Amino acid sequence: MTDKETVDPEVLIALAENERKTLIERTPQWLLVLLFGAAVVTVWHMAVTYSGISQLVLPGPYQVLQDLIFTLNNLFTGGYVAHATWITLVEVVFGFLLASAIGLTLGMIIGATTLGRKAIMPYVVAINTMPKVAFAPLFVAWFGFGIESKIMMAAFISFFPVTINTAAGLAATDSNMSMLFKSLEANRWQTLIKLQMPYATPYIFAGLKLAAVWSVIGVVVGEYMGGGEGLGELVRVAASQLRVGRVFAQILLLSLMGLSVFGFVTLLERYFVRWRR
Amino acid sequence: QELKQVTVVLPGSSAMAWYPMIVAQQRGFFEEEGLEVTIKSLDGSGAVLQAMEAGRAEFGAPGPGPVLNAVARGADVKFFYNLFSRGLFVLAGDRNDGIESAEGLRGTQIGVSTADGAEVSFARSALASVGVEPDEYKFVTIGQEGMAVTAFDRDTIHAFAASFTGIAVLKDRGVDVIDLTPEGLDLFGNGLAVRGEIYRDNPEMVAGFAKAIHKATKWGMENPEGVLEDGETYNPQEVERREYARALLDTVNQQYAPIGDNALGYLPESGWNAWHKSLLETGELDAAIEDLSVVYTNEFVENLEAK
Amino acid sequence: MHDVRSDGDAILRLDNVNKHYRRARSGQADIIHAAKDVSFELERGQMASLVGASGCGKSTVLKMIAGLIPPTGGEITLRGEALTGPNEHIGIMFQQPTLLPWRSVMENVLLPIEIREGRNAANAARERATQLLEMAGLAEFANAVPAELSGGMAQRAAICRMLVTQPEILLLDEPFGALDEFTREQMNVEFERICRSREATAIIVTHSIQEAIFLADSVFVMSPRPGRIVKRIDIDLPRPRTPDMITGNRFNEYVREIHDLLFGSGEGASHD
Amino acid sequence: MTDKETVDPEVLIALAENERKTLIERTPQWLLVLLFGAAVVTVWHMAVTYSGISQLVLPGPYQVLQDLIFTLNNLFTGGYVAHATWITLVEVVFGFLLASAIGLTLGMIIGATTLGRKAIMPYVVAINTMPKVAFAPLFVAWFGFGIESKIMMAAFISFFPVTINTAAGLAATDSNMSMLFKSLEANRWQTLIKLQMPYATPYIFAGLKLAAVWSVIGVVVGEYMGGGEGLGELVRVAASQLRVGRVFAQILLLSLMGLSVFGFVTLLERYFVRWRR
Amino acid sequence: MHDVRSDGDAILRLDNVNKHYRRARSGQADIIHAAKDVSFELERGQMASLVGASGCGKSTVLKMIAGLIPPTGGEITLRGEALTGPNEHIGIMFQQPTLLPWRSVMENVLLPIEIREGRNAANAARERATQLLEMAGLAEFANAVPAELSGGMAQRAAICRMLVTQPEILLLDEPFGALDEFTREQMNVEFERICRSREATAIIVTHSIQEAIFLADSVFVMSPRPGRIVKRIDIDLPRPRTPDMITGNRFNEYVREIHDLLFGSGEGASHD
């Protein structure tokens, strides 16, 4: 039954031809990003030039570029930006990991138990509508002025999307498959781990991507509110000194960090949901 | 006669700290000058200056430090009236720490709040005035006043530089703070600024605004109960507890009082020089401003006193 | 006509089992009577088939026996005890293959063992699973993912999954529906052999009258909705069954009888 | 073929019996929420009493209750809290609607086009890692001091989860169904509207729920930064006066608002995905 | 043996069509040859069936003709033009019913019209859809959702969905696989009638040799993987076909021939 005939090279070519992609699919992503970026910068430049908006409100691309060069130069020569970036990175990574752990756990409790859905869910939602800023003093009181309180703030802000998406994913499980597991007398935990969680992976990864992004925000909020030594603090100082170009440059650096974590989660997702075509 | 619509932005929402605007609005002093004023509040002087630059407001109440920064970066504003002649900031310590004066802060950490960058300049100057050098202490950003409670508890800081309203709040909530601010600092606080364009094209309007504020300040110093009443229209929550509001208003009036024989609202040159020097030392300003008189003017205050 | 029970040492017994469904979308409350007063008994080692028109309630009956949906009336007794839910002695194969798309064919087949006895037991059972896959002609596809299987191959994988735990009672919902005649015949013979060797009891839903007779000791004929069991026909043919029996006279009489029960004897041409 | 026999009442009882739920499923949600709430309040009370934490950092339940009563009283007698609540509510609702519209549109572009996924996605992510606080002055500059700038801030903060989830949902479409649409020569738009979007509804609703929650946060951030007249401003004033009990009471009010929008979205979801059992 | 084409005015023509699949999960690059040098021609109004063992490549051939997956070799010509993708003249019914779970049965049936001609046309076609549903015995379930259908009912709904646009070329992948014999026979007769009345061309994949012969003008017999067309057998029976033909001699000769082609004539019992 095996097809152990030697494969004709023409077949390989035809197969590759079948799998050929459109122009845009073949264009490398960096090029597309660059092109789109060029468009954005052009619009930005025009907006600044023709709207006559003050540089103190919206700096032009050129000014931001200058500040960006300064910032990157400082970063790579190991200046204060390097120190701040390192601190922020550590906070973001730990914040994200903590958020993922909390989010998955809560999501499972809410998605898999009636008690969780009915009694705990409203509290989780309520906590999340609360302005986190108000909790900053509590976090500082409990975790001090060091990176711990920023990590907690980041986790606190970003666990929620993981929770909601995990819960939604668990609830979406295919009913035929549920019946299969029921017939196998799978207990709740087995159904959760072997059916619902794998089925929910696309949901969970959407949540993790959100958490990656919000971790950065959380760290910045934590530093804004409770002092710190990271990029958030640099942004705050620059903003209070009305160095708006510098603010934008440092924000770009923060975005880059967020994009990296996001990209990392995307890679993980590719690995884990490769069973989907 | 038709009223001119103008907006003034404040860097905070306290009705007591910024009562002249509210009183002038409520008591019709603006109207007498042909102005209909909308009062808006933002968070910090930076935001105030940005809103003015964006053309969203004609007037604002920024601090002198941020104004110097803004002008150095190309902003077009004119500072024309001094509100907090005696400064906006206080250096406060925890009585339990046993530190009694600013000299005692050598080798400690000093907390600064986040509302504005100006308290850093202030604290530096204050400590320099008693001979404590910048390398003898460290600043920690601790955020809002509430954090100070924890920071003192944890001995993270031994002093806290913040606006006097923040310190008043701490006192009011029973935190045992002690004032460590040295005497004789030239660093005055927030005042009124106008967009340069309006100053040049429409000086009568600025004069009218200054006149109304002047009148309101004087009125308020004599009618604290009236101020409380007016304040309710702007920030009801603040005035809810009368004793607190009254105490706060007292402090505000103390800080408003001009130094020496200066007229109410007068902007002393020595103060501007002190700010300029301080900003250069901390590196906030990259280069010196040649002529400080482009930043401010006393012409309206002088006219007021002439009458 | 309703009393189609036989006496004896029943392993499975249905007593006037009924099932109504509530239909969600049709505006007013709308109830469908899917199975009506279904009663029968099976002894250990007996194989039964269930035939009836599409939509008559065959899958419904199977799901009730598997403990997956509760009846709205009557009682199901397993080894003398009332059935309340799924049971490890019962294995069911659904009408759809229902393979987990993220697992390989082998992992899918081992799933029941993994769930009931843990991962180690599952690993230990790899050889048995390989044998089953070989029987089903899927040995080569043990590492493929379900998306790479053809329709019939997926169905065969689902059969292997049900057989791997060696349950006492097997419920199969059109197990060989997507198979070509040859593969089907092979599977029929294999399946009969497996059941007999283990003395397993089985109920097979099928739409092929030949298959129903070939595999079963008794054929239950169901009427269209509401599905009742119109008749139980005991098949008196020797075991093991062999493909050549299908052409026999006896066999064809059974075919005719069931055919007439299902489609009426008068009208419609009889074409066998 | 119809079952026009009159339905036996016993059948109805049996059906109801089949559909009977567990104890927890039958317990009304308010009771469960209340019970869980009681547990939370007890822990909170203990924490405040025995940890010796300052009342300025974490007020006790009793203090918050007092402030809550005051706040609600003011609300229902049409005091300043009523005014603030109304303003915030309007901002939240419009912010949420705007976020949903932007989020769905962007999500469709990213989820359904290669260009969107490869070129636009990174920018959307980057924008979302940026601390929104830094943009507050820009928003005031562009949209003024009124509710517009708060609505924009709320939309700006909360469109992202809708985007990410919509994109993830569109990508998850069942491959058999895609093939069906391909065979019907459905164009891209039809496939999107008639297949991918309905298929993605559970994802989209998970995103909308997140947006509901974040709209509240966005409005509060907007008011914190840009001077407003809503509850966010009240919280800020109370916080600056260290009236922590009042802060918590007002935050509870905000949460209630968030919960309402969240609940509304949940109801919508039930209606739209009722085809899932 | 490969030249199974007939000459004439072909509407559909396959020329040495090949299909290889790349298997994703099996470690090293692994290529499956699913269809090999498939060539045939069909004229307008001709009905063909495709039979072969499970996994031999029948679905693959159908999907290629529908323009859903590209061949890795050879050419498909439709009315003299090379086929490059899906085409409005071709309707395909998959092996799985693939109903949209959020639409009612009626809305599912109208989907092709809604997509090709818009919502108004779909509404206008309601009557036609109702007739089709009636033919399929689903009139009562027009407003039900797919989750409320039995397996065979879902398959019948899928057939209605394919027929509603009245395509010139119909491709059916085991259309009646989940149906009981009676319903199946009804559907067979109905289906033949519909095709003839419209002069539609059809290819039916089936695992029932009887059905293959009953429905078709030509039966294509495929070998196991790599699937080749071993033989084209033209069925010389009068139209319309009637159920009683199945017992005829001629018919049974065809059955035997195909059976032997599929399973070999020597070994294995011939059981018809």
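Should a chain be cited, it is by its letter among A, B, C, D and E, assigned in written order, with residues numbered from 1 in that chain.
Everything below uses one rule, namely that a residue touches a chain if its C-beta (ideal position, glycine included) is under 8 Å from a C-beta of that chain, and two chains touch if they have at least 3 such contacts.
Since the model is a prediction, treat every value here as computed from it, not as a measurement.
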Item to complete: Would you mind naming the chains that touch subunit B and likewise touch subunit D?
Response: A
Discussion item. With contacts counted as C-beta pairs, which pair of chains has the highest total?
Written reply: A-D
Discussion item. So, comparing C-alpha centroids, which chain is the farthest one from subunit C?
Written reply: B
Worksheet item: Cα centroid separation between subunit B and subunit E, in whole Å?
Response: 84
Discussion item. Taking the mean of the C-alpha atoms as each chain's centre, how many Å separate subunit A from subunit D?
Written reply: 19
Worksheet item: Between subunit C and subunit D, what's the gap in Å when you average each chain's C-alpha atoms?
Response: 47
Discussion item. Need the CA-centroid distance for the pair subunit C / subunit E, whole Å please.
Written reply: 27
Worksheet item: Which positions in subunit D touch two or more other chains at once?
Response: 1, 54, 56-57, 137, 141, 175, 224, 239, 244, 276-277
Fill in: Per-residue multi-chain contacts in subunit C, two or more chains
24, 32, 96, 137, 145, 147
Response to the item:
Within subunit B, the set of residues that touch 2 or more other chains is 46, 50, 53-54, 144, 146, 149-150, 153
Response to the item:
Listed by label, touching pairs are A-B, A-C, A-D, A-E, B-D, C-D, C-E, D-E
Worksheet item: Where on subunit C is subunit E touching in the complex?
Response: 21, 23-27, 32, 51-55, 58-59, 95-96, 104, 137, 143-145, 148-153, 156, 173-174, 177-184, 207-209, 242-244, 246-247, 259, 262-263, 268-269, 271-272
Fill in: Complex contact set, residues of subunit B against subunit D
7, 9, 12-14, 40-43, 46-47, 50-51, 53-56, 144-146, 149-150, 153, 165-166, 169-170, 172-173, 175, 235-238, 244
Discussion item. With touch defined as at the start, can you tell me which subunit D residues reach subunit C in the complex?
Written reply: 1, 3, 5, 7, 10-12, 14-15, 17-19, 175, 274
Item to complete: Please name which positions on subunit D make contact with subunit E in the complex.
Response: 1-2, 176-177, 179-186, 190, 194-195, 198, 201, 273, 275-277
Worksheet item: Mind pulling up the subunit D residues that touch subunit A in the complex?
Response: 22, 24-25, 27, 29, 32-33, 35-37, 40, 53-54, 56-58, 114-115, 118-120, 122-123, 125-134, 137-138, 141, 160-161, 164-165, 167-168, 171-172, 175, 202-203, 205-207, 209-210, 213, 216-217, 220-221, 224, 232, 235, 239, 244, 247-248, 251-252, 254-259, 262, 276-277
